[in-house]
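Per-chain numbering from 1; labels A, B, C and D assigned in written order.
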Amino acid sequence: MNEGELIRPLLVLDGATKSFGAVKALVNGSVILYPGEAHALLGENGAGKSTLVKILAGVHQPDGGELRVDGDRVVFSGPAASRGAGVSIIYQEPTLFPDLTVAENIFMGRQPLGRGRAIDRRAMNAAAAKVFARLGVLLDPDRQARGLSVADQQIVEIAKALSLDAKVLVMDEPTAALTNVEVARLFEVMRTLRDQGAAVLFISHRLEEVFKSCQRVTVMRDGAFVRTAPIEDLTIDDIIRSMVGRDLESLFPKTATAPGDVVLEVDNLTREKVFYDISFSVCRGEIVALAGLVGAGRSEVARAIFGIDRRTSGSVRINGDLLSNGSPQAAMAAGLALVPEDRRQQGLVMELGIDQNVALASMRRLSRFGIIRRSRERTLATTWGKRLQLKFARLSNPVSTLSGGNQQKVVLGKWLARGPSLLIIDEPTRGIDVGTKAEVHRILDGLVAEGMAILMISSELPEVLGMADRVLVLHEGRMTAQLSRAEADEDSIMRAAAGLGSEEAA
Amino acid sequence: SSSSTSTTTNNTGSATATGVKKGLTVYYIPKDTQNPYEVLADKGGQAALQELGGKVVVSSGTADTAAAQIPSIQAAIQAKADAIVVAGNDPSALCPSLSQAQAAGIKVVSFDSDITCPNHLFINQADTKTIGTSEVDLLAKQIGSKGQIAILSAAASATNQNAWIKYMKVQLKKYPNMKLVSTVYGNDDPATSLTVLQGLLSAYPNLKGIISPTTVGISTAAQYLSTHKDVAKRVTLTGLGLPSQMRKYIKDGTVKAFELWNPSDLGYLAGYAAASLASGSASLQTGSKFTAGKLKQYTVIGPSGTTGPSVVLGPPTVFDKSNIDKFKF
Amino acid sequence: MSTTIETPPASQPRFAAGGALLRARELGIGLVIVIVFVVATLKNHAFANSHSVQQLLTGAALVALLGVGETLVIVTRNVDLSVGSVVGLSAYMVGTTFKHHPGFPVLLGFGLGIAIGALIGAINGLVVTALRVPSLVVTLAALYIIRGIDGVIVNGVTIDPGSVPKTFQEVGFQTILGVPWLAIIVAVVVAVVGYAMRSFRAARELYAIGSNPEAAALAGIPTERRVFTAFLVSGSLAGLAGALFLALHAQVDVTAGTGYEFLVVAAVVVGGVAIFGGSGTVLGAALGALLLNTINQALVSSKVSAFWNDAIAGALLLAAIAFDRWLSQRVARSLQSAEGAHRDV
Amino acid sequence: MSNTATVPPPAKTYGGVDSTQPAWRRLVRWEVALIVVLIGVLAFGSAESSTFISSSTFFFTGLNMGEIAIMALPLLLIVMVGEIDLSVASMLGLSGTVMGYLFQHGSSIWLAMAAALLVGAVGGALNGILIAGLGLPSIAVTIGTLTLFRGAAEIILPNPTTKLLPTSLTKIGIAPIQGTQLAYSAGIFIVLAVVCGVVLHATPLGRSLVAIGLQPEAAQFSGIRVNRIKFGLYVLSGIVCAFAGVLFTLKNSSASYGAGTGLELTVVAVVLFGGVSIFGGRGTVAGVVLSVIIVGALQQALTQMHVQAEIQNIVTGSLLLLSVIVPNGGDVLHRLRARLRVRDPQVRPTSA
């Protein structure tokens, strides 16, 4: 893209700063976007990527620095202003209106008007259908957004951004919840946009995607600009080094362990309309991965085992004895722990302090005569904070002030503090940077070494292949394969996930 | 609780000719601060105490509940008042507080709606029996003593209403062809009164007459009839109402006749009674006499049935075209 | 996903499902109203005569009108508890104006009522949006304050029919072709606002705000201005309702409109408006009000002892809420099972 | 605020808009403000009325606020989990009615009281089933039961009781606890408040309530029995309000179905004025206790000064408004400054 330097940049953010009270989210946010380029923005959790995005979106007003669009200095008083300037955003967390139709979600505030400035629904639905066609998805534009799967929610977000035909398209981890196929489609769309002279700012923790789709890379660390370079001048290791600020030892540390006796035994587990006849077992000292496409029903299996959802039929045994249906308390008593998929809603009470969150699952143990002892609570949090290398200012700070990776560590600590015999962990590293990723993997490896049994749900194949002793594959709520570490590879898992049936099944 | 005071200059404690001390403080505690009927009564009370060189404090809540009246009673105790004149929102819920007041040496007088507490004087607007019977007779005269009739009352728990209704039923025995088909309660709230009235009319298409022994009820009903001539043609309305509110309906013929006494006279009498009790110039003994200024002399009647010692203001006035303009309240 | 061709364009049937959701709510309530009406008529034929039908409409009119405004507010995930007190104040103010300025133009009377309501609505909206404080608390406080002010003004003096212009009162009872004026006015308001809520961007943004406030902000919706408007409308309609209250009763004391706040919220919820915002129609709210009033009058006319009214009304309210939930859950489930059908590889 | 799937709890303003508060704000607690207000009220009262600072004022305040205060405690807990109960006053009326009816018809006073409490438990359970069980919105449900309970009371006891209750019990309406100036109901409130305070602020259950109020789903995933706890709270509320109804009946030495009509708003106001967030998760018992005292003292002061009841309503409303505005004052200023920062010349981008 060297000839790119000759062209006038579409958008320039220069030395933007932003702090939230004590937290310095952005020290030097700088990025230059040229027409027709896909530009990757990389950095660890909490590096300040989303904050930078929210400044481009006009959600946050920067404390300092300047922003130029088409060479003119601009100040975005709010999202509307940003959009008006031709910048469209896909936020990290889906921002849908569950009560409105998919089409209205896409065109809110810009609905096509008919006679008497009244909204022309037919035209609106047609337009939405067009965008979906572009993305190669079939979603009913007239369907309520409530009940959309995580993936579909992300699809709608993308459609929303595309429908704006913006000069600058910013995507904050749009692929975190997508299937490879959808990701591939998204990349095609990105290409067409670039051909039309738009600029794309792409944020992802999946470096392989970045290499597939982007021309230039900007790396951030601790809220500050580190470097910008053409992709071809970089190797994965260069990028990781400048992200983490040090060399990184293997991403998937895996010490072979001999599986002990069976801890979890699932037999013909069924939940109507979600999954059917799931049977498997997990032993001490092994990591069993539950693979499949988003929407396959893996989380639901986990929820049913842990008792959040009631199972329609089938049985769950922990260390031999039956687990009563629909009771997380019973599951916890039996030594189960579930690190859920959605940190912000399910894993943590965002406004409670770090210590109180860590203690949340062990309050009884921490209290004497029914009174919680704060001292013990703090000790517990400190201990696990150390063991998990948690980065935080004060234990009493609300977890909302931590970055994604550190939030995930708090959830882990909360459950490990109970010393469970089986740990179910759903998307252990979704939206977590490589550095922290490696840490989390090391922690998991250490746990199985100590003889814990782990059931890991993951949408990232490398993670599955790297960490699992055995791989179970789900397709539309049915188990299509059980693969040993030896049998498991990219191809065999994807075939099973796609429901094409693997060799032995065929 | 709401208040307004009226004082007179000379406050020496010496007894006057009527044997009533000067400088007395009487707390008037109406059902609520807004009830127009009782606003008139309170004014009468203030006039009385003015004449006696005393002072009236009007104090009550905004809602017609006993709970809202209790703080006012407490204020009277705190202020070392000489007497309390109260219109009970509830027959007995006020008794504990009033007994505290009596323990503090405060004389208790009730008016408009009586209370069941011991040792108090009830100022009866008109003999309960008379009201009950006269209402029925008044209606009977207008509808030729036959047909279905109904009662539109205030709250189901209002003592005075229930007492009158009791005597109405007794009197109805004299009219075999008049049938009381229903009693509905409008809680002295225009909207509720209207709803129940409408329900009443659709439930009993050939209803002949309605008695509404409450000012809010009768005026609401009158307004409805005056705006629905077809209904007015077949339904006759009477009851207890304020001339000021009913004048229009008497004039346009919606209502032929209704009755009431002068509320301010009622308050005025209560004021004199309270002052006399507080001065010891009158007692709860049957036959005890006291003069009530312009209203001349009154005698305490002995307890009868649920009513304790009481004095009766006098027979109610019947208002119709002939006299309605004479009354300004 | 890649083989999207295989999956049939399931659009049509699901559109039906979506539409059914909207229709079913209003239909459901309409159905219940009819049932109550029929049962009441069977118990007492007089209930079906044109007269009592008119009464059903007039009786429900005011609450329905308030329900329309309340719907706008609740849809934005707020609530307005001050409506009852606004009715009281507006009714009395218009009344005194007529009393002390004989010959005050009738139409201006309504204008005055609306103006008073609008003022209070504006204040509510301003406090809620500018200071970002929960509307439930703000409007509860407003309820206390306005009632207080009303009491100070009224001070035991009733407005009596004599001082209310005849033509003004006629709005309260006159009918055109057997349809009460009140009902017509409310019907017009419902039609207009209902259409706007379906078809105008600003109105759709109200739903968006209630459905997901943060997303609304990100979508660049002027959240504060919209919420403010909702309160403004609610206040104005309450003011109008006050004027109509005066027209209907021709006499006003301090009790006017007491307890309406809960009645209105009840009607709105029965009408299928989600109490936590995002969905619901003004037509539903109006029907909810009609249902509650139908129930009340049916009870009286069916000669059920007056003492049973509240109990039965309360029970039916609970039933209505439960029914609505059951309905929406069924729809949601049908949507979920439908969803994902298209997501195969 | 439980039934919206993808929506974060309304109180949370993370993202969306700048949500951070200056450090000094954490020091300024609403409770402190309340104490200031209380001192103000006392000073004002004693200045305006010679009889204000007196043992009888103290007794009367307790006597008048007792039941309201007692009902405020379970409501506090319910609001903490993000729900509400508007049926409290109707339950007070219903339980009193049941008690009065049974006693009137010759059952022993103790049996009558027991029955009243039982009714409270049943009524609370009804709320609990509809709200925790079926997941219906509590504000709508309890408006329904508000009407239902009052109606039931009306059916049971159309006319007030006449049979006088045993004076040994009704004296709680006249006399303070021996040797003190404390009304019985107030005494009971203090005990309950202490218990409530310990439970809410120091026990796993209390912590669970906070978690549920802030983030129900996270609470559920942490093994907290969200629905069971909510159900329990409503049953508790029912019983406590029934108990308040018993006290109320004894205090008035008679029962009538209208008892406590309209008190629900007062109770809600007292709780909110105590600084409890209507969205749940935030609130203290201390705040509620202070607010009870302030409201009671204010009523006494104003009544003794012959201030119109209407004015008292205005004062109550204004205080309520302050209780939500003052704690937000910091944010408001913060936002205004943010606004001003944006106000500098806004250059519109021009497409080259």
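Quick notes
Keep in mind that, in the parts below, a residue touches a chain if its C-beta (ideal position, glycine included) is under 8 Å from a C-beta of that chain, and two chains touch if they have at least 3 such contacts.
All values derive from a computational prediction rather than experimental measurement.
Note: the chain lying farthest from chain B is A, by mean C-alpha position.
Each chain gets one centre point, the mean of its Cα atoms, and the points for chain B and chain D are 37 Å apart. For this pair, chain A with chain B, the centres built from the Cα atoms lie 74 Å apart. One inter-chain figure worth recording: chain A and chain C are separated by 43 Å, centre to centre, where each centre is the mean of the chain's CA atoms. Each chain gets one centre point, the mean of its Cα atoms, and the points for chain A and chain D are 41 Å apart. Shared contact sites, meaning residues of chain D that touch two or more other chains, fall at 4, 6-8, 15-17, 154, 158, 308-310, 312-313.
Counting partner chains per residue, chain B has residues 2, 33, 62, 156 touching two or more of them.
Multi-chain contact residues of chain A (touching two or more other chains) are listed as 59, 81, 96, 98, 146-147.
Every pair of chains that touch is listed here: A-C, A-D, B-C, B-D, C-D.
Those residues of chain D that touch chain C in the complex are listed here as 1, 3-4, 6-8, 10, 13, 15-17, 86, 130, 134-137, 139-141, 143-152, 154-155, 158, 265, 268-269, 272, 277-279, 308-314, 316-318, 320-321, 323-325, 328, 331-332, 335.
Note for the complex: chain A touches chain C at residues 57-59, 78-83, 89, 91, 95-101, 104, 108-109, 111, 113, 117-119, 136-144, 146-149, 151-152, 179, 181-182, 185, 273, 293, 295, 476, 497-499. By the touch criterion stated above, chain B contacts chain D in their complex at residues 1-5, 33, 57, 59-63, 65-68, 70-72, 74-75, 77-79, 90-97, 99-100, 116, 155-157, 162, 306.
Listing the residues of chain A that touch chain D in their complex gives 8, 20-23, 54, 59-61, 69-75, 77, 81, 84-86, 93-94, 96, 98, 145-147, 153, 308, 328-329, 331-332, 338, 340, 344-352, 356, 360-361, 363-364, 367, 370-372, 400, 414. The touching residues of chain D, when paired with chain A in their complex, are 4-8, 11-12, 14-23, 198, 202-204, 207-208, 210-211, 214-215, 217-223, 225, 281, 338, 341-342, 344, 346-352.
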